[in-house]
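Structure first, then comments.
Per-chain residue numbering starts at 1, and chain names A, B, C and D are given in the order in which the chains are listed.
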Amino acid sequence: MTPHPANPHEIDARPLLEQMLLIRAYEEAIVAGSDAGTIPGTCTSVGQEAAAVGVVNALGADDLILTNHRSAGHLLARGADPGRLLAEVMGRRDGYCKGRSGSLHISVKELGVVLTSTIVGAELSMAPGVALSQGMLGRPGIVACFFGDGAACEGSFHESLNLAALWNLPILYVCENNHWQAFVHRREAMSREHVSEWASSYGIPAHTVDGNDVAAVLAAARVAAEQVRASRRPYLLETWTYRTRGHFEPDDQSYVDPAERAAWLARDPIARCRDRLLADGALNPSQAAAIGDRVATRIHAARAFAEASSYPAADELTRDVYA
Amino acid sequence: MTPHPANPHEIDARPLLEQMLLIRAYEEAIVAGSDAGTIPGTCTSVGQEAAAVGVVNALGADDLILTNHRSAGHLLARGADPGRLLAEVMGRRDGYCKGRSGSLHISVKELGVVLTSTIVGAELSMAPGVALSQGMLGRPGIVACFFGDGAACEGSFHESLNLAALWNLPILYVCENNHWQAFVHRREAMSREHVSEWASSYGIPAHTVDGNDVAAVLAAARVAAEQVRASRRPYLLETWTYRTRGHFEPDDQSYVDPAERAAWLARDPIARCRDRLLADGALNPSQAAAIGDRVATRIHAARAFAEASSYPAADELTRDVYA
Amino acid sequence: MPTLTLYDAIGAALTEEMRRDRHVIAFGEGIATKRHDLVAEFGALRVRNTPLAEGIIAGTAVGAAASGLRPVVDLLFAPFLCYAMDELVNSAGKLRYMSGGQFAFPLVTLAMTGAGWGVGAQHNHNVEAWFVHSPGLKVVMPSSPADAKGLLKAAIRDDNPVLFFIDIGLLYQPGDGPVADEVVPLGKAAIAREGSDVTLVSYGKTVHHCRQAAEALAAEGISAEVIDLRSLKPWDAATVLASVEKTGRLVVVHEANRLCGVGAEIAAVVAEEAFACLKAPIVRLGGPDAPVASSYPLEQAFVPQPEAIVAAARRLCRRQIA
Amino acid sequence: MPTLTLYDAIGAALTEEMRRDRHVIAFGEGIATKRHDLVAEFGALRVRNTPLAEGIIAGTAVGAAASGLRPVVDLLFAPFLCYAMDELVNSAGKLRYMSGGQFAFPLVTLAMTGAGWGVGAQHNHNVEAWFVHSPGLKVVMPSSPADAKGLLKAAIRDDNPVLFFIDIGLLYQPGDGPVADEVVPLGKAAIAREGSDVTLVSYGKTVHHCRQAAEALAAEGISAEVIDLRSLKPWDAATVLASVEKTGRLVVVHEANRLCGVGAEIAAVVAEEAFACLKAPIVRLGGPDAPVASSYPLEQAFVPQPEAIVAAARRLCRRQIA
């Protein structure tokens, strides 16, 4: 019995649209700041918002998330405060990690976003342990582990999936296959098209979903999460999407095939979602504008908050190294 | 066009039997010496001789071999001198590695046995580079990479197979699935029964053969090697076999299921080969006895040679560290 | 007092700590096979065999430690830590600090190393200095069963990742039995022998070489103080400095490569903080910059032996400062 | 002389060496994307992008090096070397010795590290001491574009595995253009400034901090000699010892964690071999035992700054030995 609709047509996509817009606006603010030299560059997830929002909205409050360097979508969809995130990106003391992380490894334990690492593949190596604790300590939540197609090329992918299958660990592996591994196209790096093809050989059920269709992602993620919850076994969901900005700001993307990028820009997840809602009559233009305003206000406030936050004091240099 | 018969029934197994007997006698000499305290313990391949002999005899002189800690079969089948091997095991200066290796990482470059490592999985990480050189330097030989079911659990397995498939590297991956990973049964370590199941997901052709039937192994390895040679692409051959002695001498095997072991002992590759040859009339008892004598003589001489060899001088401590 | 080996001492520490705290778990390649008494007492979930994959063993320990368990993982031999460096260094060592203190990593990694079994450089490579150099990690290396037990108990109770190195050469040598439940605090050296003319600092098997050297020196009328560091990080600078302030002479001895080894750190700290007391150059005896050969005589020659320690100490004590 | 950055210098060295020797190849995560001029000149087989998997990149380099090629691999940032430790340490560093000299491993590993980009401890971790401690490996870390070019050329021509560390903070700072084809031999330090009162030894970006400190000290009447190690293994002990014999005072400076860092080795060697010349304690300035924070002020505070070097040198020069 699925508590939520797993049929994309029954999903109310309006809150999802708002989350996606928040992510987009947040990352555009960072890009603008980075161009202006006031905010450090980041790995944005522009173009991938549906993949993050769809999956995170399929998770419950007890579930835990591991993510990586490209995490804005996961964090914001999970309810992180954009002000504290921006403060973190800017290295300020009110950031979620006291400014020590910067953008690449933001964890927010209070939201269940744990052990974020920018070492590609590290989320895969740590997820089994988190899932093991959930089981051994009798906690109900499952573990969602977000990683990229690049991470799937690291040995930790193999070791993690083998162990999770063997030990029956409740892990929802979510591969955001965005076609890029920094400056290398997945075609230059993977012997296979889909990461889901690799999962099957461990006996792990796997599915690839259109990662630019937020309702489809949410529906697929609900099915996947329910299966993990019920079976206490792993599942791999691959969200097929595209990184439409560069790897790390700034990036002129001179190495990107313009035709491929254009085709994906035409499938922008936010535009698709909004257009569908407008066409279905589930959203009218003034409601859409109101969402836009809310988002803009939040990002504005977030920037003000982050800018007002001071840098860590010098004695933070060696605090929290040891417990 | 296959230059050798790929049909097991057309294979002359007599030289293969002799090689297997040599390996067995060599390892039994080590076990006896180890029990007596005169030879250091080793990882024997007792019970797995057919897997080694079958594959090595399918290779040509130009082909290169990477192997691991359980290498006596590969080395002897390739023509290594048991005296120099034993000297190496005993840490003597006439060993193939001047006594510095001991039993666990014997390379014999002159025979094309390169870069042996006892780090489980290291042969998998180095094989692509050796194959790359073969291709870029215009050398004809393929690369045979021997590894265990345990090595297949290391991340290097995944990274190696993905790269070999992607870069079209002429590697014959040979997994000797002997059911054991030191003191852990493969069932406790692998989400799948067969390593060949993992290979398929890289688009690498794979096959599992009865590793205790030397003619079957040779036939399968010829097919596999020809395919690598012709396609210049990887292939994975899994030899299904069993480690009938312990992991490392001495080992009381108290952790081994006696029924499983007994079933495999009943399938001893040497007995099977000899019995079949005798039954077929391809070998008569006096020929069989003559083989046994030749083998015993060689091992006897080998022991004498190794014992006569002295230990390395103290100035060897730091020689050959840097080129 | 019962006699037991270092191997037994580790088993005893595990048993006591697993009894004391149900969050302590142990896994690794063959630990359930080799320590079946633990499986019998604590069950197949708390004591597990794993696939042959050091990275995921360590990574799983890191994830479990951050979320409520206290894992002890057996990674067998120190060179195999090479496959677990990301998990130990980049995850366990850094994610507490980098997350602003949100996580702690109470985990222990066991690894054997050192001469004794003739297994060569891919099993025998003393890399403890790597982890001393890396932030967020603690490092211990005992020289006796009693210390092994007490340090392992402390390591399991510590909220930080601890690398626990076991000297192969000492593993099956019987020693005094440790007292049940005795904890040896991390960061505290032991004065293995008191002396007044020269300080010999070491850890692991070379502590015994230092003791032997001290006896030989005593016969020559030279009184050597022997310090067993036990913990390499944090290391007990106060005890070493106090000794050097007394003796004015220091020989640091270990099996690991001299270059950037733990001995370099000790020598450097003494050269900075006890400079005024030094009556002679600081001498380090360590392994050469070479992999360890399997061949028995070469393996032994790799390790600083008592004779070399005696010679170094004698040289220092005979020397007058210009 | 043309002006070029360290990034350009590396490109120039690669170009010249690939022209000179057809066995030189380069691969890594994005090297063909970022250095498309190399692809254009040498083709897509000699300059290649790879999967995102440091272990197999390094392992492939090891295998290729042992069988006739001379690979240069770009592993991007030093902490990612954690995924390649087995290949670098256990294979490249040991298999020559362990095989009785049957193989050589002419390969170069590039990795960036150090403060400058605010990317935090998983990109910025100075681990060069690990490789100095490990046998069979050479280690370099230049402080200028000219040295980077000359050292990379030497590294490519060397028959041993060389770890080539690039200080992020220096990568895009323009410098004097190196002379075409000039090779800077491995193991030779440079005297960046002559002086007579105190020796400042460093490498990478802190060499520049030492130069600045030396200028400030000169204004106070203290003459500091600045030595740029350039090679960390082998390191040029002769040059350092000769300098300390002259000055009698030593400050070693680096960004890496002090504990068991390269500075510890230098201090220890000097405390042993130049003890009689020392007029004051040996001082080490290094990074704290902490991961590096991303936050700009903390990242900067991690690195020994000129003021601290000045203060240390001043203290040593004012001090009289009791």
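Here is the rule we use: a residue touches a chain if its C-beta (ideal position, glycine included) is under 8 Å from a C-beta of that chain, and two chains touch if they have at least 3 such contacts.
This is a predicted model, so every value here is computed, not measured.
With every chain reduced to the mean of its CA atoms, the largest distance from chain D is reached by B.
The greater number of contacting C-beta pairs, out of the two interfaces A-D and B-D, is seen for B-D. Centroid to centroid, with C-alpha atoms defining each point, chain A and chain B lie 46 Å apart.
Separation between the centroids of chain C and chain D, computed from CA atoms only, is 29 Å.
Centre-to-centre, using mean CA coordinates, chain A is 36 Å away from chain D. With centres defined as mean CA coordinates, chain D is found 41 Å away from chain B. Counting partner chains per residue, chain B shows two or more touched chains at residues 99-101, 105, 117, 119, 121, 153-156, 159, 162, 166, 188-190, 321.
Within chain D, the positions touching two or more other chains are listed as 50-51, 53, 55-56, 79, 82-83, 86, 90, 97-98, 120, 122, 135-136, 288-291, 293-294.
Viewed as a contact network, the protein chains are fully connected, with every chain touching every other. By the touch criterion stated above, chain B contacts chain C in their complex at residues 40, 91-92, 99-105, 117-121, 150-151, 153-155, 181-184, 188-190, 255, 311-312, 314, 316-318, 321. Those residues of chain D that touch chain A in the shared complex are 29-30, 33-34, 36, 49-56, 79-80, 82-83, 118-120, 122-123, 288-291, 293-298, 301-302. Interface of chain B with chain A (complex): residues 153-159, 161-162, 165-166, 188-192, 197-198, 200-204. Considering their complex, residues 79, 81-83, 85-86, 89-90, 93-94, 97-98, 120-122, 125, 127, 129-130, 132-136, 233, 256-257, 259-265, 267-268, 270-273, 275-276, 278, 280-284, 288-291, 293-294, 321-322 of chain C touch chain D.
Note for the complex: chain A touches chain C at residues 64, 95-101, 105, 107, 109, 114-117, 119, 121-122, 124-134, 136-137, 155-156, 159-160, 162-163, 166, 319-323.
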